[in-house]
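Have a look at the structure that comes next, please.
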Amino acid sequence: MEAKVGIVMGSDSDLGVMEETAKVLKKYNIPFEMTVASAHRSPKRAGEFASTAKNRGIKVIIAGAGHAAHLAGAMAAYTTLPIIGVPIDSSAFQGLDALLATVQMPPGVPVATVAVGKPGARNAGILAVQMLALSDPVLADKLEENKVEMAAKVEEKAKKVEAYQ
Amino acid sequence: MEAKVGIVMGSDSDLGVMEETAKVLKKYNIPFEMTVASAHRSPKRAGEFASTAKNRGIKVIIAGAGHAAHLAGAMAAYTTLPIIGVPIDSSAFQGLDALLATVQMPPGVPVATVAVGKPGARNAGILAVQMLALSDPVLADKLEENKVEMAAKVEEKAKKVEAYQ
Amino acid sequence: MEAKVGIVMGSDSDLGVMEETAKVLKKYNIPFEMTVASAHRSPKRAGEFASTAKNRGIKVIIAGAGHAAHLAGAMAAYTTLPIIGVPIDSSAFQGLDALLATVQMPPGVPVATVAVGKPGARNAGILAVQMLALSDPVLADKLEENKVEMAAKVEEKAKKVEAYQ
Amino acid sequence: MEAKVGIVMGSDSDLGVMEETAKVLKKYNIPFEMTVASAHRSPKRAGEFASTAKNRGIKVIIAGAGHAAHLAGAMAAYTTLPIIGVPIDSSAFQGLDALLATVQMPPGVPVATVAVGKPGARNAGILAVQMLALSDPVLADKLEENKVEMAAKVEEKAKKVEAYQ
Amino acid sequence: MEAKVGIVMGSDSDLGVMEETAKVLKKYNIPFEMTVASAHRSPKRAGEFASTAKNRGIKVIIAGAGHAAHLAGAMAAYTTLPIIGVPIDSSAFQGLDALLATVQMPPGVPVATVAVGKPGARNAGILAVQMLALSDPVLADKLEENKVEMAAKVEEKAKKVEAYQ
Amino acid sequence: MEAKVGIVMGSDSDLGVMEETAKVLKKYNIPFEMTVASAHRSPKRAGEFASTAKNRGIKVIIAGAGHAAHLAGAMAAYTTLPIIGVPIDSSAFQGLDALLATVQMPPGVPVATVAVGKPGARNAGILAVQMLALSDPVLADKLEENKVEMAAKVEEKAKKVEAYQ
Amino acid sequence: MEAKVGIVMGSDSDLGVMEETAKVLKKYNIPFEMTVASAHRSPKRAGEFASTAKNRGIKVIIAGAGHAAHLAGAMAAYTTLPIIGVPIDSSAFQGLDALLATVQMPPGVPVATVAVGKPGARNAGILAVQMLALSDPVLADKLEENKVEMAAKVEEKAKKVEAYQ
Amino acid sequence: MEAKVGIVMGSDSDLGVMEETAKVLKKYNIPFEMTVASAHRSPKRAGEFASTAKNRGIKVIIAGAGHAAHLAGAMAAYTTLPIIGVPIDSSAFQGLDALLATVQMPPGVPVATVAVGKPGARNAGILAVQMLALSDPVLADKLEENKVEMAAKVEEKAKKVEAYQ
């Protein structure tokens, strides 16, 4: 099935974080492609990934990178598809560099930035589903169901804590 | 015409920043509604704005707030529509508090965060258009045109700088 | 016995920190309830916890959360009881995000914020006791006794260090 | 009438911030005393202010200071009354130094810290009222009324913003 | 005369900072070209500027940008010429975002980063001259002379301060 | 022999850091006393330690503490002896809180602050010796000798590195 | 009269801050010399200032600098006299760079660091006097008197604030 | 063969980081010398290393240091050769102190700063090669080849990630 979401990361060492995104998309049965492209080490590959994405049927691109994390911005430079950026905490600065390099985009070229690391990678997947659901009522219903489940899980956790003596 | 984007801000003092969002939506002829709701001072109003948005025809919510900026997160808690968060630099910490309070959402509840202040407000508008364009080819074309124009403007600016002696 | 303090945390994974609060309240024989509610995953549960607290006899609410820690602020939005916020260092930013998201509340909706992590959780318990002691002279005396004991413990520790060669 | 709240600040130059606290207390008709004491320049005065407060009838102490803001902690060292700390942004670090020096108290000696600067000073006043209201139902009702008014004001502000074209 | 240094900036609004670089190069009679290219708004222009630079005779590229400052990194991605990055403090974060986005490059793609703002822009010029002087003894001598002059100016300034009463 | 330097720390858990200070003083045969006093848990003990120090023959006080590290400032409040502050990285903020709380003293009450943790503790000892050496030529000579030794050790280390292949 | 304190600053533009130090020394009738030397622009001058200071009769060196403030460290490298460092907030980072570059000295080479900017400059003067007073009882008495006066001034300020309605 | 690059580090404990630089230079067959010199513990050795470098045939100096990392700046003070600074994360502040102390150089004395820690050390080597390649076409070709290889490696990594299920 044609991929609707493109996941791209700066290095294969980021896979441990970005597979959280993949898991979410699998859960929602969203076909996706996942690869490596570096804004700095393979700029043409990165540019092509972004500039051909729309024609490949991609609707949303999710880019995860650490350090001076330019990957999401590089995607945004080459396409008008919505780009989601996941800052990864792989440097000495625990992701502050990646967060600022991802979120502080200049006017005209937005990147939808999520939290640093695994929590952000998971949310990137959900955010992509939310975008796709804007024109897919079945997906939208599934999101609603999962929101209800999520609240239910909080109640389960609450019981554990309430049992604490 | 029915609003497709909801812009909400924590206080009317945030209008100076958030009107940048409104300008973008006007440029793209996207009908929008814009109001004030505070996650802390009027939590019910905020919750209702978010939980009724889908039925009102809203597709994307853009929330701008400063300080411990919970407004975008509060929207995300009450709806599965995509939420865009604009951190506003109205406190002593120049927006670092607003940025972290907006972007560092826990897994399950994403907020698409953009840059601090006016650049972010403008990008929030474009990001919303990008989401709507996923199912609106005319809008998608318009985004492409604007991207071309934007690159052209860079060339104009380049001429000014090249003339510098 | 009717609970006088409500302890709420964003996830059961925060229990390792928040049990420090529980220990303090037990030491002072303050009846308390402890549960999980998430400002983002179960906003209604969180809102109800806060808005019904006064009628349940709760005097003080203590909320512990990490990341974009909105839980204490969400409590403060729904009640006029004093709210104590414990920022938890569970993200890549070691609690700086949680601290700013908890303490930087806008005018009108205070959160009494304590230190990040376990030291803060313990102090949250003591601060709650101090508030209750305003109308309970026996409790006030007990706080004084403990303050004297605490100073005495410093002298014990001093002896250990003075013995260092 | 006997003061119930003690406001203390590190220097008279902090009055511009701390009068926000005074205004709140006046609004609620809470008698208060307000003075200057420095943890570093007049430590005995500071210690006496705190250690005699309870006998003077003071229920809550609010301390505002900038730089390495030790004043609130110094109050907490000398009394078991609840202490509210207001970090003031009077140094080159815009209040980050004052925030960390106020909130990061060691276990055993809590300071209820509020936001940096004027928003925090206002909230310090409300927090003090919330503590006093625990044993004063009339005050508790007044807090509820003000919370309703505050939400109403948000609606007024909303109208202004909704009128924006 | 053929340009030996390429100065590129993200926007014409950065000229106020980057003309400090130009002044240094003029002082050393280094022919240079100066233009605008945005890594995000005109990525192809930016890529071409870098990838054709060597053939145009350029030896060193100096890139100045603010916010999520990717321009220097984008240059480095397309050429093996040495790239000097000048972080510009044009955002709410006073250049911390630009500094981290410029300096924290991943292994394989260096950017020689200098200080934030005007002092960095001036040093970027000197650093470029130092690189060119490696194969130009006349230029090397001129750098030595200027170093001597600089020390002499310190002595002049010293006299002013020594005259202070 | 009468102690000339007073080492004080906020808790016996700081001994692992502060024994670095003690080792330096032993090396220089400076008699010292070392104890625990907390600015927050035993303020009177802390105040007395400082205010009686001069009469006990103490010339310099070295205070090490973590979190909202007020101990050095509390010493400085009670004596005109020079106070050296060692910020200890025992909180979630890795010593940034302790550094700012120690160094950002208001005008009139200086604290001579050294680096965070063990390097600072060692330097605190040397700084104290430097102060004592102002009126003790033998000690001054010993400092000079150690400076020469320190440079010699660098040469030894250099040999190791030079042997690296 | 032979200077006992050497004040050195990185540039004459730092005089506005460092004259606060001079004022304190004048008040205490401490003869001092004041000049400019840059660790980077005139390293030999800086090294000579430090290495000859002891023989010139200097007892304490006070060094003020901004940016990557190496001046105090450069002094400490060339002498065993106590060095006081004043970080100056003249860069985009408001003195955080100067503070860290001054205080984070490696083991063996201490710098007694004070607060950023004018408050620190004033405290640098007092700290120098405290060091000199270790062997000068008259100076020690004067420090005590000033400490008493300082506390008295707090009481004056207190009266102003107490008069606030 | 005569060394063309000088690698200097503040302590032998920095070798684990700086050998990344050495590996790069070996790969490119650039003869180099590597030693230890401390700006603070052996300032004369450091000054001599820098001031004699040009006559020894050195073209580029690479300096790695942690804490208040003055080593690169000290090199820059004594020579007009290009200096590359590698901030090392050996303190409690994870390299933020070293980064700011290295990069925030005052006008007139540039340091080409790279990323914190090992990624920066590797890039320092490449940057040095880029400078040498300005007058060495063989070296320039080798850099181009490696850039192509680097992009090829990204494609290998991409295959691994694309195989992820």
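Labels for the chains are A, B, C, D, E, F, G and H, by order of writing; each one numbers its residues from 1.
Convention: a contact is a pair of C-beta atoms (placed from the backbone, for glycine too) under 8 Å apart; a residue touches a chain by one contact, two chains touch by 3 or more.
Given the structure is predicted, the values throughout are model-derived calculations rather than measurements.
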item	value
Chains touching both subunit G and subunit H	E, F
Pair joined by more contacting C-beta pairs (F-G or B-D)	F-G
Equivalent interface to D-F, taken from G-H, E-H or C-D so that over half of the residue contact pairs match	G-H
Distance between the centres, which are taken as Cα means, of subunit E and subunit B, whole angstrom	34
Inter-chain centre distance, subunit E versus subunit F - centres from mean C-alpha coordinates, in Å	42
Contacts with two or more other chains, residues of subunit F listed in rising order	11, 38, 41, 67-68, 91, 93-94, 96, 103-106, 108-109, 115-116, 119, 150
Pairwise chain contacts, counting only pairs that touch as defined	A-B, A-C, A-E, A-H, B-C, B-D, B-E, C-D, C-F, D-F, D-G, E-G, E-H, F-G, F-H, G-H
In the complex, subunit A residues that touch subunit E	10-11, 38-41, 43, 47, 66-68, 70, 73-74, 76-78, 91, 93, 96-97, 100-106, 108-109
Subunit B contact footprint on subunit E (complex, rising order)	9, 11-12, 15, 19, 22, 33-38, 41-42, 44-45, 67-68, 91-94
Subunit G residues touching subunit D - in the complex, by the definition given at the top	89, 94-96, 115-117, 119, 150-151, 153-155, 157-158, 160-162, 164
Complex interface listing, subunit G residues touching subunit F	59-60, 80-82, 84, 99, 103-116, 118-119, 122-124, 126-127, 130-135, 140, 143-144, 147, 150
